[in-house]
Amino acid sequence: MARVGVFVCYCGANIAGVVDVPAVVQEAKKIKEVKIAIEYKYMCSDPGQQMIRDAIVQNRLTSVVVAACSPRMHEKTFRKALSDAGMNPYMLEVANIREHSSWVHQKDKKAATDKAIDLIRMAIGKSIANEQLHEISVPVTKRALVIGGGIAGIQAALDIADARIPVTLVEKSPSIGGRMAQLDETFPTLDCSQCILTPKMVDVASHPYIELIPYSEVIELDGYVGNYKAKIKKKASYVDFSTCTGCGTCTQKCPVKVPNEFNMNLDKRKAIYTPFPQAVPNKPVIDAEHCTMLLKGKCGICAKFCEKGSINFKMVDEVIEREIGAVVIATGYDLWDPKPYEEYGVGRYKDIITSLEFERMVSASGPTNGVPIRPSDGKVPRNVVFIKCIGSRDEAKGIEYCSKICCMYTAKHAILLHHKVHDSHAYIFYMDIRAAGKGYEEFVKRAQVETAATYLRGRVSKIYKKGDKLMVRGEDAQIGQVVEVEADLVVLATAITAPKDNPALARLLGVSYDKYGYLSEAHPKLRPVETAKAGIFLAGCTQAPKDIPDTVAQASACAAKVCGLFSGDTMKKDPMISTINNEFCSGCQNCVKVCPYQAIVTEEIPLGPGSKEMRIVAKINEGVCQGCGSCVAVCRSMAISLAGFTDPQIINEIVAI
Amino acid sequence: METEVKEVKEKIVSVENPGITAPNGWQPVIIGILCNWCSYAGSDLTGTSRIQYPPNIRIIRVPCSSRVDPWFIIKSLQTTADGVLISGCHPGDCHYISGNYYARRRFLVTKKLLNFVGYHENRVQFSWVSAAEGPKFAKVVAKVTEDIKKLGPLYRYKKENF
Amino acid sequence: MDYSKQIQEIASKLFAENKIDYFVGYKQNSFDDSQVPFLITDPAEIPKLVFTDRSVFNLANYLKPDHTKRKRVGLVVKGCDSRALNLLLTEGQVKRENVYIIGVCCEGVLNDKREKAQNCVECVMPDPVVYDEMLGTPSGKKKYTVNVDIKELAKMALNERADYFESIFENCIRCNACRHSCPLCYCAKCCLDQETSTLYHGANTSSGAMHALMTWSLHLAGRCVDCRNCEKACPSHLPLHLLHKQNENVIYENFQQHLAGMEKDDRGAFYKYSLSDPDDFIL
Amino acid sequence: MNKLTYFPGCSAHGTSEEFDHTLKLVMKTLDVQMEEIPDWNCCGATSAHVMTENLALALPMRNLVLAERLENKTMGIACASCYSRMKGTKKHLDENPELARKINSTIIDEGKYKGTIDIKSMLQYCYEEIGLEAIKSKVTKPLTGLKVACYYGCLLTRPKDVTLFDSPEYPMSMDLLMEALGAKAMEFDYKTECCGASFSISDTEIVESLSGKILEVAKESGAHLIVVACPLCQSNLDMRQPDIEKHTGKKFDLPVMYFTQLMALAFGYPEKELKLPKHIVPVEAALKHIGEAIPEPEKVKKTPKAVEAESEVE
């Protein structure tokens, strides 16, 4: 027999001013399950809570109804009061007689009072059907997986590892460093990219809490927050890193030359190579697509010259598993291919290059030793035209969004050009200058004033060849005239795009992505580093175009989130989740279909007690279930019930009126 | 069916049983089932901003409109309620990503089926109310209450309340 | 339409090759020209198998218990039966490798008045949608037509319709024959037998029956294949198809012309959604 | 013998007679029977659509209806402007059947519009339907040594979703056609720039500046002459050339020929068939280059780095 206590709150005059509280209490007393009904000025106050605690003990109550403000306001407060009195906190029901009665029916005191009584009846009805619930605690595997070894991945990995949490850093290419390693100097301070990046790369390699797995990819992720299991494919490098000293002899001796993607194919690398001199790990890998030994079975010079005998042509891809608790995705960005700009003669003219190609040229360690040249004839350019928004903000040919960093790096390029070629002149065609950021506007000014770059506001409509020059025709909107610039070299500020394999990755990780392929954050403003899937976070350009400061900031934010997640040995979780009654489950798996969190899986259980035959039933994954109840409503055999909102509870509310 | 509604003037007649007229001062009971994240929050906002609406509605809180099993509606109509209002998050805003889309399908079919077996279509109504739409919630409740007052009391299948 | 011979041949072949443990078909009734479902484990009985336009039942119903989890069954299905079977396969109730399906291109069966049954007149898919072996020549998907009775009832005034249905519900004796005869009612324990609902609807009253039948029809909404097994089984001869056809109609018109069990892996209209679903009925 | 419904357009019977004439010769050689649409009317060109939209649609529609009567698969159009109007109209009508019915009602005596015929410019027809191989096979007098700049004008390839032919910015079909005839098509950036056609009467200065640029770049490319597929382009580039030379003080003498003229030449027709006297800029000199051997372009000096960058896999 249920023993319910009812506690009606005046909330000063907020409730009592409209609802006739004593009458309500009298009504409540008439209900047979009600053992005690009390009114008080402020139930949420300490004396109010004390009254509840005492009543629970004295009347051996089985459940408690508090008639006061919205449960969204004080449910937690009163639950605590219950547990303090040694009662299961989930035996509480709140009748919302303020927001739902006194405040909305101020002119009709009688109706408000009747309604309050009904609301309390309903709450009593529900509370009778309440069950004792206990917070669920989910174990956590304290290891983070970071996907992508660019500056974002590096920063996240280091921050997490510094908190003494093991990190597995997976990088697809042979070395970490990412795009930033390709840059020469960085805006707005012009400090050398390598100089600030390489120390961090070395830290990653040497950090006791970081496991660096280069030249590999994540191919599978199962489980749920705190308890993921990842499968990682290590691509065959054909070089035994454990014995290789990275002396580089093999690379010198290798006869095969291949376009060097690190230098944007402006020069060649060998078929056995380290992407760049400061690579981490500084061990070569063999490019299976070009190595004559692997292709035709002859050559093998590298093996002959390797004193350590580290070369192993028999090596095959290897799949390893890691148990992890959280994932940081930092897959960076790709560059947009400007081919659609046919009117510029892209693809026909060697002397039209992209910004990153220019970046490599002006890089001291680049293919041209830091001197920009014309790919066509190798001459040093004097007049260089930079065209911004190639692909960006272009619905017709490219993408709608702004790539955010082009304004800045183009200004940087103008300055760098001036540094490298003193008698050069930079012309910059732009739509707008977007220099929002610390020291950014000043930096653009510097490009305009110090290096006297000519900023022309307008689009370029045509590029055509005149002798060995490129004639760039565009509009200068500020003087409202068509201008033509005779250029030695044209640099296109191509847009940032999402990595082309982002959608595939998103699908295998179970996170969502937008129409461009950028991974979607859980909330654009309030949860910008989390994905909708608990325990998976986003850092850097994989979420949207960003500059280095923003990327690093987001990476550190991810680290903070991961550390927070791992702060305890287990994660506490609201017990209001679905449970399945195997006896009733017929295994139709409709719940599996509708669950928005893939929280329901199937398991095989014996057909009958001790029977060999198996049957399939659904199984709720406590860690993942968010308690929406979609599965409950689609379960025809009522095998699923949602704690806190069970059918009996709701029906009791309905019939209690 | 609207025509029948129009006839109703001074004395209220039950649409489903034209024979029966409502007792004087009859007030309909409306059960409102609200999702916790949008509509319930919205109804709280209506309260905090002191927007007044008719007192006939009795609100039940569920986590998501997708939790609402059609037989809650049937049950309500069979026992205590003269009408039912179910409210959830706007499409696309569901706190649980897709719950309200599944719910929407069930609601349409249930509504039509109830109407088919002889309940006036206005007995059961649905709305999307976001956490910010306090005023809208008041409007919705007012409209639903108004509709159901016109329909008169519901007697079908209530002869024997178990 | 008479496929008795072919079916007998196939059945004996299946037994001979030990492809099946038992076979489900139809057998002539002794007293009149009607037929009954016929389950054989012994090849000797094969000659009794018949299939004509009086083979009215939906044999998919005989896979319902966990049979196919252990035994291999040979089965005769018409268009509608095969749709039900499709759903059973999708919902994991039947192992595909354990059923040998003989699909019959149905030309419509006769009701007890010896005229073409209503559901056959309005049939959308007379050909089997899933089968190992097909008999007859497919005539293809037919145009969907709204059930005549539904149209009639729609014309009625609200209170008349209410009276009509109340009379139906009053005549229900809650024997649950409809449920047992429905191929798609396979739940381990039906919700209507569970405390939660019996507590409130156990009473054998019009409201109890109303709740039961309405819930039942909503559980079959988007799944019912209109085989009318329930109606044939109902001792009070209630027009149970009304509720199902009504739901089917609403679903067909509003949810991309969805029809139950037509494609493999389609669970029914309530287990998927489209962003463009009707929203105008919501305030 | 394939049949082709032919829409010459006004200029073909006037200013661009040589186009029309050579076109017919060429098609004869290529074994295509051209059926000129009986009683065709003006396509409305640039003037109709500034009056009313319906007129701008009705005029081409009438031609389409008449063309459909001939029951050939394809309609070939000589004039680029007509081509653009017709094809644009067809697209518009096909997308708005209601409108189509309305407009059709005004010219119903001509017949019902079906929207069945496939519209192609003559260049497009040669390139897509006949094919370069077939054309090559007919060449008896290859144009080796002749350097040409192919000028497409603005309407042949644009707007992309209307013409559905070649690249809108840097088309190659005519260049390839010329290569097939043995001539050398030079890299020519202004092949789709506007020549100012619509101002050819009203504001010749614009024409001169625009066409002037085209001539300049064409000259720059080292071509002996410009090849066109559009009467308006031809008249602008050819007729205005002396004035342009006068104003800019540059000397171009770039003859402007129709691709069909060169085809006819390559197919072995005598020069007199080309109606060369109709040209303002004399053509003969340019045609002298036929038969010359083209000298290899001298190698540009390269820095070691660039050479490195060039070098292939050893």
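The chains carry the letters A, B, C and D, assigned in the order they are written, with residues numbered from 1 in each.
Just so we're on the same page, a residue touches a chain if its C-beta (ideal position, glycine included) is under 8 Å from a C-beta of that chain, and two chains touch if they have at least 3 such contacts.
All values derive from a computational prediction rather than experimental measurement.
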Decide which interface, B-C or A-D, involves more C-beta pairs in contact, and give its chain pair. B-C
Chain nearest the overall C-alpha centroid of the shown protein atoms: A
How many angstrom between the C-alpha centroids of subunit D and subunit A? 54
Quick check: how many Å separate the C-alpha centres of subunit B and subunit D? 70
For the pair subunit C and subunit D, the C-alpha centroid-to-centroid distance in angstrom is 67
For the pair subunit B and subunit C, the C-alpha centroid-to-centroid distance in angstrom is 34
Listed in rising order, subunit D residues that touch 2 or more other chains are none
What positions in subunit A touch 2 or more of the other chains? 594, 634, 647, 651, 655
Scan subunit B for residues touching two or more other chains and write them down. 75, 79, 98, 102, 106
Considering every pair of chains, which are in touch? A-B, A-C, A-D, B-C
Help me check something: in the complex, which residues belonging to subunit A touch subunit D? 255-258, 266-268, 290, 342-343, 345, 348, 367-368, 373, 375-379, 462-468
Residues of subunit B touching subunit A in the complex: 27, 29, 31, 36, 40-41, 43-44, 46-48, 50-53, 55, 58-64, 66-69, 72, 75-76, 79-81, 95-99, 102-103, 106, 138
Partner subunit B, residues of subunit C touching it in the complex: 153, 157-159, 161-166, 169, 197, 200, 203, 205-207, 210-211, 214-215, 217-218, 221-222, 242-243, 246-247, 250-251, 254-255, 269-271, 273-275, 277-279, 281-283
Interface residues, subunit D side, partner subunit A - complex: 167-170, 187, 189-190, 192-193, 217, 220, 300-309, 311-314
Subunit C touches which residues of subunit A in the complex? 583-590, 593-594, 607, 613, 615-616, 634, 636-639, 647-648, 651, 655
